[in-house]
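Look at the two complexes coming up: chain A is in both, with chain B in one and chain C in the other.
Entry: the complex of A and B
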């Protein structure tokens, strides 16, 4: 019997698996925004593992800074990693910006300096077990009217 | 007469032959081939007289990669390049198998600019999609157990909440 042609839809992904190379997957996921990265973590085991790599979150955080990112690495790592930095400080600030401005490094670099300061203060405060007095409320919008 | 021959020889010397896994031959300028860090290393140590086999890359992929390298070795204005890159990506991403092979090959040949460009385009396909939509698009099996899914949601649940 003659073998029938494979339907075009199936043929599209035949012989192709994006999961074959975890490093390339990390290259792709490093280019996502924070929310998409969180969603990507739910796809499968491999994706979940790659989304937990701190280098992926570092790429996300440093994309918003114009310089000095390399020197911050040791500090961020000591204070809990880039995923934590993003979740606690950078994410909330970035999400308040209009989408078009989120990827402009210059505009956001100031926010990052503030984020880093808040991040260190938060970690310092947690050392004393005084979590309730956290200054993290500063990342929220303040109503000055 | 003698000088003309030397000039011709010099011109010839600048060309290098690359051979794909399916024995397709590509003759390109040395500066085009140099865009690949791996080929540059091979040329530096073995010279460009004999053809260089690129065993892990098929002809259609190598052709497309060399097209990219050629354009990017000309040093044109940034706006022109950005427009060209976009058109190049629009064409390549239509066939996911080809697009993925293109990424593997540019990674293998160490052309970081092209890996970056493809990764950004790939990432664009993932944005604003649910995990199920991503699995369908890329034919991925969900191998997470219920417990693992719950654990992921405690870590990444915030990504699903409205802004």
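Entry: the complex of A and C
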């Protein structure tokens, strides 16, 4: 990643910095994988803000999934948002897949539907106000070799 | 040799077996002693097995055969070779340090050892050997004790139980066979020494907590829920009004995922009704309604039209079809996770079992799908020893899988969940071992028996499909412990540990494609409203009762129409709506 900042010799009227346009930045970041997004969020406050946008994480989660984006967005937003979905469910699920399979459309869409199921259970538990424990098993380390 | 029978089952010591009989034992012993060997003839089969293992260890050692076993002649510590058993053991432990062995293979049917192996080994390998031996001994003792109980010999089984307790103090009871044996010894003790017949103990609230921890600690219940949900989802395809009847609501953990999946289905969500059956809460709280409210809130947030109804009943056979208020024109799904087995009776007891009438009225509802998940075990045998043996191996496997989960789990909460999950299983063990007749609720039967039963009642099987299989496989990858396996058997899915299936999920249908609107047959109608203690329910039900008690099916249909219309208004008390 390039250092954000304008090289001194470039004239500001002619040059362009990625930080000038947050939407463009979001568009670029939405093509990253989960870990890189996490790293990007640590670069500076602007980037961290952009990385909090749910659209970026939505692009990550629905990369290989076709159709029904608008309704899915509403449902996922009601359940807690894509960023939370990725952090709690989709990330751990994708990690368990062998690396070769993590980009295969079939596996990713199955991961997404499974993650959504687990996510809805988590949301339900939050509604009850009790201690949320249905996703604890995802925190365990699993040997994926 | 005391009152214990002389063991004669020899696996591999063919020559000796033909000569070792009870009457000849002293002679053989005398001959061996004369030759200078300190070993009893009854132990020879064990020694033979170990010699075979020693031979295979020496000849087929790992790495292709060059094992330096010259050290066996000089460096290894051997014990008195005239004590054959320990001498072979010490050789084995030098060669194969980690050989845990099949503790859970079926034990030799008649023989068991009453000799205590010599104690003084200090090597870790020797300690593991001893653990394994103690494990095998525990299994043998458990079998003998159960057999004594079946014969009615309380004194013998009592003394065996004492011996087992002694052995348990020397064995690691934190895991493995020691732990399972501990639970079974406890259950046997209860059976032997309890004055009153132990009925199911604990309150429904307690049971819900245990169930919840079992849900967290292991994949079995999640597998059950997800597989059933997938079948229900596929069956509801194309229907606008759907009704799910859950035979055991608990905390309602199965339904958020279905609500979410229905919200996301192409073509939009249907309007969903959920009828949850559960035990009445003793302290006046309407726990069913609370769960319903939570589910309604979730459904409202994802914009699924939702209505909930709670039916409080202690036993499933107290539930009558009219309590469920199935409306004509809606697609019905019946979901039973580990509930149907409670309705069974002893196989050889005469007369109809409650299961038959319940299955009949389920069939009468003409459901699009009936999802049945049951333990894959044969725990309904009338003979005590058979049942005990089956249960011992089933729960050993189950505890093994829990143990693997605990070993990999880091969060303290996960550890706690595993510990409480074991208590959940202990309850089942106690029920299977201690209770007889109508007191016993855990009457697990194998999938083949359930298939036959469902087929007899008129249900047609529904194949669970590859989506369900893939989802189950992916779910398993999330769980630590690589021993879980999902298998598909004739359209049903089973989840097991190391190729022993432990839980089986199947799906059935009973809808007539040409006659969807047939009303519920009223020959199951009730003589009294026996156990619904939910006051809202009973108010409404009294009303129904008065209307229907003198009428025929048409009155029932009209009444249920009224109900379905009035259930759209928000004033009906026991239905909770989410918009």
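Here is the rule we go by: the second predicted complex is superposed on the first by the 111 of 145 C-alpha atoms of A that agree within 3 Å, B and C clash if a C-alpha of one lies under 4 Å from a C-alpha of the other, contacts with A are read in each partner's own complex, and residues count from 1 in each chain.
One rule holds for everything that comes next: contacts are C-beta pairs under 8 Å (C-beta built on N, C-alpha and C of every residue); 3 or more make two chains touch, one makes a residue touch a chain.
If you're wondering where the values come from, they're calculated on a predicted model, not measured in any experiment.
Overlap of the chain B and chain C interfaces on chain A: none, as no residue is touched by both.
By the touch rule above, chain C contacts chain A in their complex via residues 215-216, 219, 226, 229, 251-253, 256-257, 259-261, 263-264, 266, 268, 294-295, 297-298, 301-303, 405, 408-411, 413-414, 417, 470-471, 474-475, 477-480, 482.
Remark: chain A residues 12-19, 21, 23-24, 27-45, 47-48, 51-52, 87, 91, 95 touch chain B in the complex.
Those residues of chain A that touch chain C in the complex are listed here as 67-68, 71-72, 74-75, 78-79, 92-93, 96-97, 107, 110-111, 113-114, 116-121, 123-124, 127-128, 131, 133-134, 136-144. Across the complex, chain A is touched by residues 95-97, 100-101, 103-104, 107, 115-116, 119-120, 122-123, 126-131, 134-135, 138-144, 148-149, 152-153, 155-160, 163 of chain B.
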